[in-house]
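As written, the chain order gives the labels A, B, C, D and E, with residue 1 at the start of each chain.
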Amino acid sequence: MFPILSVMTYIPLLGMIVILALPRNNPNLVRWVAVVATALPLALGVYLYMHFDRTTASMQFVEQFDWIKPFNIQYYMGIDGLSIPMVLLTVLLSFLCIIASWGIENGVKGYYAMFLFLETGMMGVFCALDFFLFFLFWEIMLLPMYFLIGIWGGKEKVYAAIKFFLYTLFGSVLMLLVMVGMYYYSEPHTFNLLQLAQGHQFVGKTIALFGYSLPLDKLFWIGLFIGFAIKVPVWPFHTWLPWAHVEAPTAVSVILAGVLLKMGTYGILRMNYPILPEATLWASNFMMILGVINILYGAFCAMAQKDLKKLVAYSSVSHMGYVIVGMASFTTAGVNGAVLQMFNHGTSTAMLFLLVGIIYDRVHHRWIVKPDGSKGFGGIASVVPVYTGVMAIALFASLGLPGLSGFISEALVFLGAFSNPKFQTYVVIGSLGILLGAAYLLWMFMRVFLGPLNEEHKDLKDMNWRETFTLIPLCVLVIVLGVYPMPVLNLMGSTLAKLLTLFS
Amino acid sequence: MNHLMQFSSSLQGYLAVGAMLFSLGIFCVLTRKNAIGILLGIELILNAAAINFVAFSKFRTGLIDGQIVALFIMLIAAAEAAVALAVILRFYRLKQTIDADEASIMRN
Amino acid sequence: MNKVLLLAEILTVASALVVGFHPNILYASVFLLFTFCGVAVMFLYAGADFLAGAQIIIYVGGVTILILFAIMLTQWLYKIKLADLRNKMILPAILSVAVAVFLYRALHQMVATLPLQTPEALEKFTSTPKTALMGHALLGSYLLPFEAITILLLGAMVGAVWLARPE
Amino acid sequence: MTAETLHNIKLLAPEVCLTFFLCFLFVVDGLFPKTRTNKFSMITTVVACIAGILLTCKVGKTPEAYFGGLVVNDGFTKFFRYFFFFTAAVSSYVAFGSKEIETRSRMEFSLLLLCTTIGMSIMAAASNLLVLYMGIEMVSIISFVMAGFKRDNLKSNEASFKYLVFGGVASGFMIYGFSLMYGLTGSLNYPQMAAYLTAAQGNFGLVFWLALVLIYGGLAYKISAFPMHFWAPDVYEGAPTPIATFFSVGPKAAGFAALLRMLLTVFAVKTAEGNWQMINGISLTHVIAVISALTMVVGNLSAIGQTNVKRILAYSSIAHVGYMLMGLVTLDRSGLTAILFYLIAYCAMNLGAFWVVGVVANLRGREDLDAFRGLGWSMPVLGICMGIFIFSLTGIPMFSGFIGKFLIFGSIIKSGGYLWLVLLGVMNSVVSLYYYIKILKSMWLDRPESPESLKLSTYHAVGLVGLAIPTVVLGLYFTPILEFAERTLSNLL
Amino acid sequence: MAQQALLIALFPLCAFVIQALFGKKLPRHGDFVSVLAIFGSFVVAVPIFTKLLTQGHVFETFQVTWMALPGVEASGKLNSAANIVIGVLINNLTAIMLIMVTLCASLIHLFSVGYMHGEERYHLFFAYISLFSAGMLGLVLSDNLLTFFMCWELMGLCSYLLIGFYYKKPSAINASIKAFMTTRVGDTMFFLGIAALYYVFGTSNFMELYKALQQGAGHDVMIAGFPALTFIGFMVLMGTIGKSAQFPLHVWLPDAMEGPTPVSALIHAATMVAAGVFLLIRMFPLLEASHTILPIVAYIGAITAFLAALIAIVQVDIKKVLAYSTISQLGYMVMGVGVGAFAPGFMHLITHACFKACLFLCSGSVIHSVHTQDMREMGGLKSKMPITFATMFIATLAISGVPGFSGFVSKDRILGGALAYSMEHQGHYLIPLLGFATAGITAFYMFRMIYMTFFGHARDEHKHHHAHEQPVTMTIPLMILACLSFAIVFAGPTGIESIDHMMPVKWFDHALEGAQHEMGIAEHLSPEAEAIHHHAHGLALILSLAVAGLGIFISSITYLKHILKAETLKKMAGPVYPLLWNKYFFDEFYIGILIQKGLLKFNHFLAVFDDKVIDRICVDGWRDITMGVKSIIGRFDDVVVDRIMVDGTADVTAGGGWVLRQFQTGKVQHYLVLTVMVIIVALFYANLGLK
């Protein structure tokens, strides 16, 4: 069988090698190679979408063979309903970001090489079904990300990059421990995620720490959760995010917000849920509280921001809170909503970041209110109407306006979460986030786009064809999925249904 | 006195002298500011070990392997002293001093 | 006979004390020589006749002279006073005493329990000349270290020459 | 010469080869002083490789004791001898292009390097206290000279002096400890010592512990573990870079070889399932755990805030010793396999990292972080290789350093105890990123102040890539090495 | 028919898409697209309405699965229990709403063609109102709360866009954001209500809900400590409060008058604000089932009606007067639903839509003509704009509750219902009291408006001079809407039941009876209750006539005849006047205290907290701790470890290894001291272990 997932994963890597071999003085060639190297996975992604069997919860397009025998490590790739939306998101956003990065002028080779490497890592994470392989890809992503932020980022790039790296590494070493622990405490020893998920292996076992005997599965759960929570990011592990998002170049912010954050929640659904269902139930209350805190905290912080990009960054914190809430609800609607929200947030935030990047390219600042208190923008709707229009769509999608994609997922999340009698109070509190989301986004919209025109920006140019091209697919997705979400929802239904049987 | 003489020829006596030399060697190494002084301390420590080996060779095993070790200790001490003095002379040539505390450009 | 040994031991320890405490490095090195001599006597009484000779030749004839040469070459050293050392002596002294205490306790305990040679065997051991035995051992069962030390000495010599040789 | 002696000498074929070459060098140099060139180093590399080949061809494969039990030849010894020859070969290859080693001192350099290599081999093979002492002193004394090899350089001289004093005292402690151990057990040979200790049923008294502590002092000095690590940063910083490269890998591994062998054959006995068990009355695992923890904490924390890259790497090498010691805690095969694997991984990545420092030192004449500024952009191969080494040292997956840590942590988790140590270990690897990344930051994230076109010579590129490739490959596929390490351990005598 | 009915919403939606994408390039900027679309909707709505008229009853549904959310049963089979099904529900209420909305919207579209002529972003205006119409019609057609809510929000969006249509005007954008946010408070709670409903009944479909309620479902469920039905009812009520601008979330509506006048007419008078009431009507069975909610609804309505009416008295902006009157009238409707006068409430919704649309369009006509909204600058326009005057006067009569006009019919019935309610339930006398008072006040301020605008002398000659009657496209809608303000359209020529029953026009009542039957709330009153109701309605008729008359009378003597000076009234009111002028300080409270003092402060606090506390202390904090330790250890050094630390440099960078690095003094003997110390400690430990 054609190893489609591996091909999708490694084409960018191949592209990276080709790019590194190209001469330094021809940036356009480098760019086109990158376009090809991301367009091919995108095309294969479309193929996947067409041929994905929506009726089964089992793994599809599986590739499995032994890799490291002594540890029973396998090269095991496959996708199910949980991974495929993420895979599609990854290939789409990567492709768009390559195009959106056309304006990078220095170190073009390095930039695109790193970017393609990043795509390989992301694809791998979503396809890997062996914990070791997963972890490998998980960490691989860190390296290009560090360089992308650190080299092509903004003023505080170095701090941001190091912070990102340190935080994530902290999370991943915990994950490493859990991985090793799971290997040795499973019978037979395995890293295979599907095998680990069989038979509630870790329930009732204990491990000693400083003389205390701790329940193994809960310990594993916490370790994994922290590892993933940092990526999501769940409060209080979120402080890397504003830095990384703000300092990163536009396309990298898009990938960060669009794909990387999802890895956290994906990981929780892929590992914590099926492998440690008892511990997951045990921790559901805790997750729910964190989710609600995320929603509110992110929203409150976003409201206080003066930097456009930071605002969007904090809005991501808030929106990822919905995902956590949905996941923790253990209801069909909630979990479906959560996964859908992962996809939808990917598209809408990608739009927002792209848009912020576009304006930043033009005026080289992003202040809603400048640090000295004067207006950063104001009234630019009249000079850049198309831009404003697209921004409005992104914004309304983000704040969950019906008819746009954000609403569906948020609605499902809340419907689901409310259907679990344990969590109704949290949902009531969390719903404040809907309100606040509208508040900070509209307030931002008002201050930036509406009102009398700030004369500084009267010569602002509207979007060019390239920028429009990057945004159109996302716009279409946002609207289409807002009206009819089934194209994405039906991918995941069976898988999530099966997942939920563990908790009924 | 007799008792003392008894003691001196016993294993205890040898070990006691070894221990004294060892302690004094440590003291010497730690206190001498003079680089050569440190070397003296090291020699004391090595001699302490040699005494022990010789003593155990006689009282404990009755074999000469302990004495062989002592011989090697001596040889190594000589080699070490040669290298050490070369280093110290070089040190003196570069710094016009052999104060061990002066050798602290690299720290923290 | 035991008197000589006792005297040698006292000489050894006393000289070592001087080595440890005398502010003048020259005196210290000269007293180190006495220590070595004392140790040589002790070796002799422990049945290590060859070793005693080697001790005199290598240490007294070699190492100490080398040291004295070095001191002469760096004659600035006469100026060192005890006062220079004193302010750093408290902690090392405490440490050394602690080491000594531990050694005492340990060795005391050890000697009491250790299976030792019988007096007859001791006597026999002491009276056996060791030179031939040592020679056989060095070229027999201890050939490897013997060969190794030649390489070591070659290396040390080459190295020392490289370091000490003027440009 | 008896047949037995010949048999014994055959065991030493590689070392004899080295010795012959060493004497040859000495003689040639003495006869034709004008012939001194850098090529000596290259020839030394070749000779070290030949020694490796001899080791494969001439040395018996069955585990056996030689020289009446003074040394043993088993997989373990062989493993380390390969390791040392490789290290020596790489080091002299590095030295070939280094300006820090003067042309006129090439003979001395090669000679001393080979002497040390022979010493390390002896250390790894030693099954007798005297031989071990010989080996250690051989490595130490020659190392003192090597550290001060740049004889007109203050730092180098200072390094040499510190190394000398510290090493002299440490070996003094150790030999005193040996004497006590000899007195206690009545033997110098490991098997007899083990037999006595086993028979003593734990009634050793304080003197045993005293001897143990003192012996540990000597060995810890060799591997620069806590509390004998103080010399390492100063010496590495002062020593010429090719020599520091060698120090950070070779003698350290030799120290590990000695430590492991002594621990496993004297203080522990093999159990039926191929693991080891401490002799009754000696439970050192807790102590090892504490030492390991302290070593890595000290190494990692001290490295933060350093600006000299060589010093950073020196501290990091201390930290790595801490990680490796973790593998000893459980005393089972997986842990020891992990240590061996870690050594291999560490060898490649650390040699590589030091090499890069050497290249920069040649280029700029200094090796602080500023000297690295923007070098990634002017010399991408150097930058990429350094990235690989650094990430590997940090323990990021896809690189061999990660696999090393994975195996080490795995072995402890498997045993079910010492979870705190593992936690500390992973936290330390996070902390380590903090200083490692500073190097990469300088190389890639900072731009060079003035654009300069630099070119990395093919000679360096070949070497660096040659070390980077195993670093990556071992990170992705490590089965053969793992099996090799397993085999190595399985016939430990 | 239900499928075709979808076209009603789809036409404007398509118009929106066309306008938004290509409007600028179309001839006339595409206004015809929108107008034709909404007329198309009207045309499609007409057969449904005629069916209602002819058959007295319509009921059609059409459903599709929108989201399939498979669940797994114990057997491992997938099921579709959690699927989300949406569809169209056409019943009597729908039919009436559809015809009303499409008609009003069509007329307003038509009016806009003239009113907005030449405006910047003309095409977008039409796009927005098309989208709005689509939203409203979609809401009316929805058979479930989820799509209902989506359309509801969509209207909120349009409201936001249209209020802020003049986006360069700060007041306009402030008003738009205020409107959106205020309604969103209600919306959020409404959504929670939907979620709760979904939880309790497993559906959000109206018909299924009614059925479940009739079977007594949902009574024993608790949500967050409240009985589920009360919780849902309250949340639904909050939705209404937000959307229909009820007390205390009414603040946005007057500000919404910043939008173009047709928008005010369409959204903030006729349709969108009525959606809240429509929601209450749709959910009436649930409200009734919960028992505790209805009185709250009634009080909210009554209080809103009264307070808003009072504010309207002091307004000088013609649109603001109408805005407050809208709030007040909406209060009536809500009160009507609250007291159980379900049919009159709905009727008032419809009648109010017509006459209020008329009023707004008239005011638009006036504004368009004199270019001001301040009534103090108007006056004497009667002769200049006769058609406008006539139509506006008719509508004013309707709203004031003059017999023969539509407003009278519905208002009288609501008041009757309120009175009956207070008779049935002792203690609730405040509801009818406020209702009647409001009726009087309404008459007063409406006539005040008419008098100030059209009668008397021109207070601003210049503006008066330029005033002129509007073109036909604008007057025709006025006339049609004025015609709909007559009582005969809904009930009978006078609207007084006892008179009209001779020649009954009973279609509305029939339709409502059918609807009530469907919803399971058909009243079967006991004879006593019947008597009370009869009695109350009689009394209410007299009272409402009296208060309306009184209001008109006072207004006339004050503003027409100037017998009573407005200033005198102001003085009589005393401190009440400033209270009214400042709209009870609601805005100050919300914006000044809640938002600026509370929310924003909190946000900044959190942002700082994030930056300073979490980041600095928890993440970078170890540095600070080390810095602290540094000073303590610094002293320790001098005494104990002597010089080991002396050379410790003060300029070492702060870091975790600071302390450790102090041991690395560079002096080899220090190293040895430390080493020996450690060895001794180890020995000590070993010694202890031996004992």
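We adopt the following convention: contacts are C-beta pairs under 8 Å (C-beta built on N, C-alpha and C of every residue); 3 or more make two chains touch, one makes a residue touch a chain.
Every value quoted in this text rests on a predicted model; they were computed, and no experiment measured them.
The fewest steps needed to get from subunit B to subunit C, moving only between touching chains, is 1. Within the contact network of the assembly, the step distance from subunit D to subunit E comes to 1. Shared contact partners of subunit A and subunit E comprise D. In terms of C-beta pairs in contact, B-D outnumbers the other of B-D and B-E.
Farthest from subunit C in terms of Cα centroid separation is E.
Farthest chain from subunit B, judged by C-alpha centroids: E. Here the chain at the heart of the shown protein, by mean C-alpha position, is A. Averaged Cα coordinates give subunit C a centre that lies 31 Å from the centre of subunit D. With each centre defined as the average position of its C-alpha atoms, the distance from subunit A to subunit C rounds to 71 Å.
Put simply, the C-alpha centre of subunit A and that of subunit D have 43 angstrom between them. Between the CA-based centres of subunit C and subunit E the separation comes to 100 Å, rounded to the whole angstrom.
Shared contact sites, meaning residues of subunit E that touch two or more other chains, fall at 652, 661, 664, 666, 668-669, 672-673, 676, 683, 687.
Shared interface positions of subunit B, defined as residues touching 2 or more other chains, are 22, 25-26, 29-31, 38-39, 41, 50, 55, 60-61, 65, 68, 72, 76, 79-80, 83, 86-88, 90, 100, 103-108. By the contact rule set out at the top, the touching chain pairs are A-D, A-E, B-C, B-D, B-E, C-D, C-E, D-E. For subunit E in complex with subunit C, the residues that touch the partner chain are 642-643, 669, 673, 676-677, 680, 683, 687. Across the complex, subunit B meets subunit D through its residues 18, 22, 25-26, 29, 35, 38-39, 41-42, 45-46, 48-50, 52-53, 55-56, 60-61, 65-66, 68-69, 72-73, 76, 79-80, 83-84, 86-88, 90-91, 94-95, 100, 103-108.
Subunit A makes touch with subunit D in their complex at residues 67-70, 107, 135-136, 138-140, 142-143, 146-147, 150-151, 157-158, 161-162, 165-166, 169-170, 173-174, 176-177, 180-181, 183-184, 207-210.
Chain contact summary for the complex, subunit B toward subunit C: residues 4-6, 8-9, 11-17, 19-28, 30-34, 36-37, 39-41, 43-44, 47, 50-51, 54-55, 57-62, 64-65, 67-68, 70-72, 74-83, 85-90, 92, 96-98.
By the touch criterion stated above, subunit E contacts subunit B in their complex at residues 647, 649, 652, 661-662, 664-669, 672-673, 676.
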